[in-house]
């Protein structure tokens, strides 16, 4: 849905997860009320109301939120510590800072830049980094800084180091918009922010390189795309969103790739939007995605 | 999702709607906690947190719900009266009683009977009424009583009176599963339970009779079906669910009808399931459908 | 689309496949014309017009088709032999004979029986065979013979032998409608007719047993079903049709299974209909499916 | 599917429509063979093989097509005149010239420009005309000429005259990419090329202005978009393509509009691609769209 930044002023998102237990929801909603805030929306999920894991997302409106923020955090600490749950509170009027890493393909990259310009992604984009230069002009035409970090040659570690230096302290999450380089474990250890990828298949089908070629060889009747958080296990991270498109026997692997591009850009855009809106909670190798 | 009646024991659904106001959510969740119940799920929607309309559905689990039910209702009355909101509390282990009215078509009817037998609809079906007899054997093979109430002739009022006599006191809602008779205003005044219809078009396109013929004439590329609550304005009641299917130039009106039957049975089944699970709230000519 | 058996009288389907070459289409269409037939529809696909593989499906109408059938076959032999292509001609008014093998699940089985009764599957169903008895009454209520062939015990070969004995000479293809027994290579060697299966995942994801449990563990956001011809490589046969449904984090493996049942019955029904209408051509491990 | 202009060299599309009759298909395919061409694909549709309307699209490959083009046209005239059918032959390597008319919205416009740059639309774009200037820079960044023709004021005829002057002789079809001006009958009389529009609703629902507002008021659960040829009857022209997206009660009319933009750009892009590839045949108020 369209994000009007003005409409997000004085709105906070509270994410709570931990062991489910009686009274937890009442404790949270009472806390919100006594901090003079109005609940705008509330979603929750419990793997089992008796002894399972509890996940909750509450959006509330509180006039002069900035002034009250520290007090609400203090109240949350005091109120929720006895329950042994994790929580985080974010001010919705402060957009997350998103870096995009890309290679030569422009379809996912331009879709994100364009949705951002339309005001549909509640983020700022401090930089786009690519190991190629062909997208530089397009990126800059959106008023976004572009950095070229080549990745060829034996020492890919140097490229990663350069990227980490650009990202450090400047971003809240990273999006791999068809970035065609394997991310090392070292990079993931040092990046300290979530990394979201788009894989060009309906995972777990066609893991690894060349999924459209593999899809053609297997003769599937649908192709797909999967957006997931990046972990050290390639193509195995927690899935945020997936979708598919119908194909037929007459399409070549190249046709599948062209058709798939439209699925990829839509799936990645939704995943990015949901992450930026604090709708996604990682739990083990899964995600909870609140609507 | 599958409904296991056992799993619904000691579960209640609380529906609240009325003017939104600070503290309302906290009041409700605190009430649930002090009545020794655990919140299983909670969904809410507000047209505007400041002065808008508030809608909430809470599912909670309370051991020995039956014994505590009257006390919880008393507490709700005392707690919520100051807020000026409407509420209703239902025991999820008591299935709603659903009557089905049908004519000669069997696709919506059999789908409902079959989903009910699979345990996917939390209802009992005390009767199927038809103005034809061709579906009688099928209905009875599911162990459901079948009543034939012919509707031809000048005096349709007599048929309606007979149907009302069968329904009275025996059902909680009525489903028109391609019942091809216009329901009179008198009938709606006297039935005193919600009536759910399936219309064989993507409303508001192709209102009235013969929608597949009209769809063929207009040359649409998708056909649809719409399930809605029946009101005195034909085909104008609050929409619960809609869906579509792709068609092409080569299909005749009869082909569209055959393809559309699959959309109709799916759309009606979802609408019935959601109604039976107290997921649907009517407001004006709209519905709020909680997932 | 609805199949009206009457409408298929005097209609033939000609399937041609082999090396593509100039003049082939003209030779075929001219042959049809000189045999006093009208082309009703014509679909073709070529992997490469210069030296690729050619696939064609022509439906034509010829008054008194039965009387002319042998002459047309003779003309086809003489005309097409020089081109080195395979062809088969079928009289559309003669429905294929379809056997269904099932276990305890009824959703795919009943969907096929019901679509058949509606006149939407151009087949006869001489028998349903199950290794369980729970579906017997339902099957017989459709007027279809039911045979119980238990498969437990060490000697599964005996059960397969019994099934082969029932099928032999009586059927043109076999449908495994969630038949939960592994089919042996011996069975496939001896059955001499195509066997169509429905796998309860979006192949090649989740090959083997327990796909819904695996889907829950992987945390996918869509589940699927795949209908394919059975080959000696389990779950690796040529795919005829696939589809998916959206799921979310709140659904258990059992919920996925319940939701998936609706995808399975739709996918299998489409695959069966297309096979019965001679719309599917196997080529290597792929299928060509003409619309 | 991706269009590689190189791949279209020496390819022609033949469209034939008229009264169906025996021998017509054979006459056409024989003609193609005797002109030393290979049939690449062939689709046809007949409203009734006995006396109905016949529609055919044949793609064929003929080395040195340009040199042979006039001879093939002459052969077509001689061969098909006795059948009384219409036909047109187009050289696929000559892209159609497409003008785009836009207003302030950029989503349909940029999608077309971007797909064109990717090589997915077999057209040239000699101009974009808008009654506003906000999209000028974006258009020119794609290397496409932009013309500003203001349309406010009492004399809209002057603006139309100016647009007609720009189009005359320069374009093969016109696309209204959310051009928010009513096209006059005079304009349609004088433009002499097909005009394709995108309407922001699932026609015939919500004809006229403000469809998203009307959709919100009616409480529909799906919104849609429709691409059609423009005729003198507003929103009543032959439909080329339609699609829908799911919405829910929580979305405002503005949210519906934002969601709908993605349906609009996809539907219009498909319609434009199919028109540019000569896949669409108008017949009365319908279209035949060959896959």
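For reference, chains read A, B, C and D in written order, and residue numbers begin at 1 within each chain.
Note that in this section a contact is a pair of C-beta atoms (placed from the backbone, for glycine too) under 8 Å apart; a residue touches a chain by one contact, two chains touch by 3 or more.
Because the structure is predicted, anything quoted here is derived from the model rather than measured.
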So what angle, to the nearest 5 degrees, turns chain A so that its CA atoms land on those of chain D?
-> 180
Note, CA centroid farthest from chain A's centroid sits on chain C
Approximately how many whole Å separate the CA-defined centres of chain A and chain B?
-> 37
Approximate Å spacing (C-alpha centroids) for the pair chain B, chain D | 42
Residue numbers in chain B touching 2 or more other chains?
-> 45
Note which residues of chain C are touching chain D in the complex, please.
-> 20, 22-23, 25-26, 28-30, 32-33, 36-46, 49-50, 61, 291
Complex contact set, residues of chain B against chain D | 45, 202-206, 218-222, 224, 238-244, 248-250, 285-289
Name, in rising order, each residue of chain B that touches chain C in their complex.
-> 1-2, 107, 110, 114, 118, 120, 138, 141, 251, 254-255, 258-259, 262, 266
